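Going in written order, the chains are labelled A, B, C and D, and every chain counts its residues from 1.
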Amino acid sequence: MIRVYVSTVIDAPLSTVWKIVRDFNGLPSWHPAAGESRIEDGKANNEVGCVRNFALNDGTGNVRESLLALSDVNHEIVYDMLGGPLPFVDYVATMRFEPVTSDDTTFAVWTAEFTAADGDSEHWQKFVADDVFLGGFQALEQAATGK
Amino acid sequence: MIRVYVSTVIDAPLSTVWKIVRDFNGLPSWHPAAGESRIEDGKANNEVGCVRNFALNDGTGNVRESLLALSDVNHEIVYDMLGGPLPFVDYVATMRFEPVTSDDTTFAVWTAEFTAADGDSEHWQKFVADDVFLGGFQALEQAATGK
Amino acid sequence: MIRVYVSTVIDAPLSTVWKIVRDFNGLPSWHPAAGESRIEDGKANNEVGCVRNFALNDGTGNVRESLLALSDVNHEIVYDMLGGPLPFVDYVATMRFEPVTSDDTTFAVWTAEFTAADGDSEHWQKFVADDVFLGGFQALEQAATGK
Amino acid sequence: MIRVYVSTVIDAPLSTVWKIVRDFNGLPSWHPAAGESRIEDGKANNEVGCVRNFALNDGTGNVRESLLALSDVNHEIVYDMLGGPLPFVDYVATMRFEPVTSDDTTFAVWTAEFTAADGDSEHWQKFVADDVFLGGFQALEQAATGK
């Protein structure tokens, strides 16, 4: 099983960061890999159990992910991957945010557990850690700070 | 500050119990104190941030509560009270469920933290623990088992 | 990776159960598989980082396990396996206890994650779940109730 | 009840920070308020249940605190205050550390809940947040980085 743990500090207050990321249909507004996104079956964006369906900007196809948990208390989102072009099995990911009170910034953690159907665990571990999660956090900081 | 912690074992599988309680608009289907309920502003039942507005069956008025967190992973619901006839300040409550694998039943926990505006902490601690939470769990077991 | 989750209800108060299990050198007093046990290097029984070294009653050898975490708040013990006759790799286990307030009994959870070096995941998953954990909880109840 | 939540980022790897803080008898090596310290009753430094007894450098007396939980997994320490010159009632505090993987530094959180026997909640809230916790973290960073 592949485990990914990526964390960083985002130079914006938690309230600003959380407002951006808690919209489960909002990936295109901040993540560079995500194109057009919609919630399936007419459900609400933050309804636990809803499915987001978004295009990958590299043109390889659409990813479907289901919202498993959302907490405005712990500032946490849990979701799993239902389908798409990536060879991931049993993929479950969690994003979590905590305030850094000493300078009003935000500690951000993104974790995942999954198996790679093609057996290339090393490649996919690095891909998710660097491209999807760390790259995503860098873009999230830009979205949150307007820089 | 008043703290309440009530736990019990419900004689039904977790999947059955969770299906009943995860509907944030579903109190009337199992809790004896709750009458007619609706979700305000046309939001979905399980949309984090939605507000449920339900009548108390004792006729004292309506309670408004906001969904702060919902997890299909941890089988947990967190909500706070926005208004109603009860003299509760900063009331936040959590329901949590775990499977008892040895006999396929469900461990159930209901906790709350709040202050009583009228200063009668002892009365309200006992009221929430016995009438709202333990009484609620007993009724939930009836709803889950059909007995 | 093998995951084990076993839970049950022990017919004794949490304080009684916890007093028995929190002694990291105390397995022989309640677990039927454990014979003579000692803490290595003259450390204390409940010192985080200490290693217990106990004989298996089936005569196959001694198991060495390290205490990773101990909480008198959450009534939780985390440990990993350093060596012994079992073909377990990266074995980390957690015991956790919560009070059942409705009848003053104890909800008990025992979980583990590990890999089987011999590849027989199905066998070892069942062995840990049934023989080590559920059998252990049944013996723990006997130790706690004196029956 | 008074609640304190202070967090910051310490410019040193988690392993370095944790090695310093996990010694429950080690406050004098990093915290500016703590003078000579000993563990009572001949117990080990990291034995859950042990009591540390340390002098305050302002000369007002000795503080006694009990170790309630220690986790090498979550990098977390929980303790309560048994006695001393501060007018704190039911004081329980938690320190927790997580790695910031993007630059190999450490996210640090220190929280407490307590009541002030003299009723001056505002003063003591600020005192614990600024002097004890944030000041402590700044000194911890100096100890961890050698600057």
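The working rule: a contact is a pair of C-beta atoms (placed from the backbone, for glycine too) under 8 Å apart; a residue touches a chain by one contact, two chains touch by 3 or more.
As the structure is a prediction and not an experimental result, all values here were calculated from the model.
Asks: Need the graph distance between subunit B and subunit D over the touch network, please.
Replies: The least step count works out to 2.
Asks: Give me the chains shared as neighbours by subunit A and subunit B.
Replies: none
Asks: Need the CA-centroid distance for the pair subunit A / subunit D, whole Å please.
Replies: 34
Asks: Between subunit A and subunit C, what is the gap in Å from one C-alpha centre to the other?
Replies: From the centre of subunit A to the centre of subunit C is 36 Å.
Asks: Going by the touch rule set out above, which residues of subunit B reach two or more other chains?
Replies: Answer for subunit B, listing residues that touch two or more other chains: there are none.
Asks: Assign the assembly's chain-to-chain touch graph to one of these shapes: line, ring, star, complete, other.
Replies: Ring.
Asks: Please give the residue numbers of subunit B that touch subunit C in the complex, ascending.
Replies: 5-9, 98-103, 107, 109, 134, 137
Asks: Sort out for me which residues of subunit D touch subunit C in the complex.
Replies: It comes out as residues 22, 43-49, 68-74, 76, 78.
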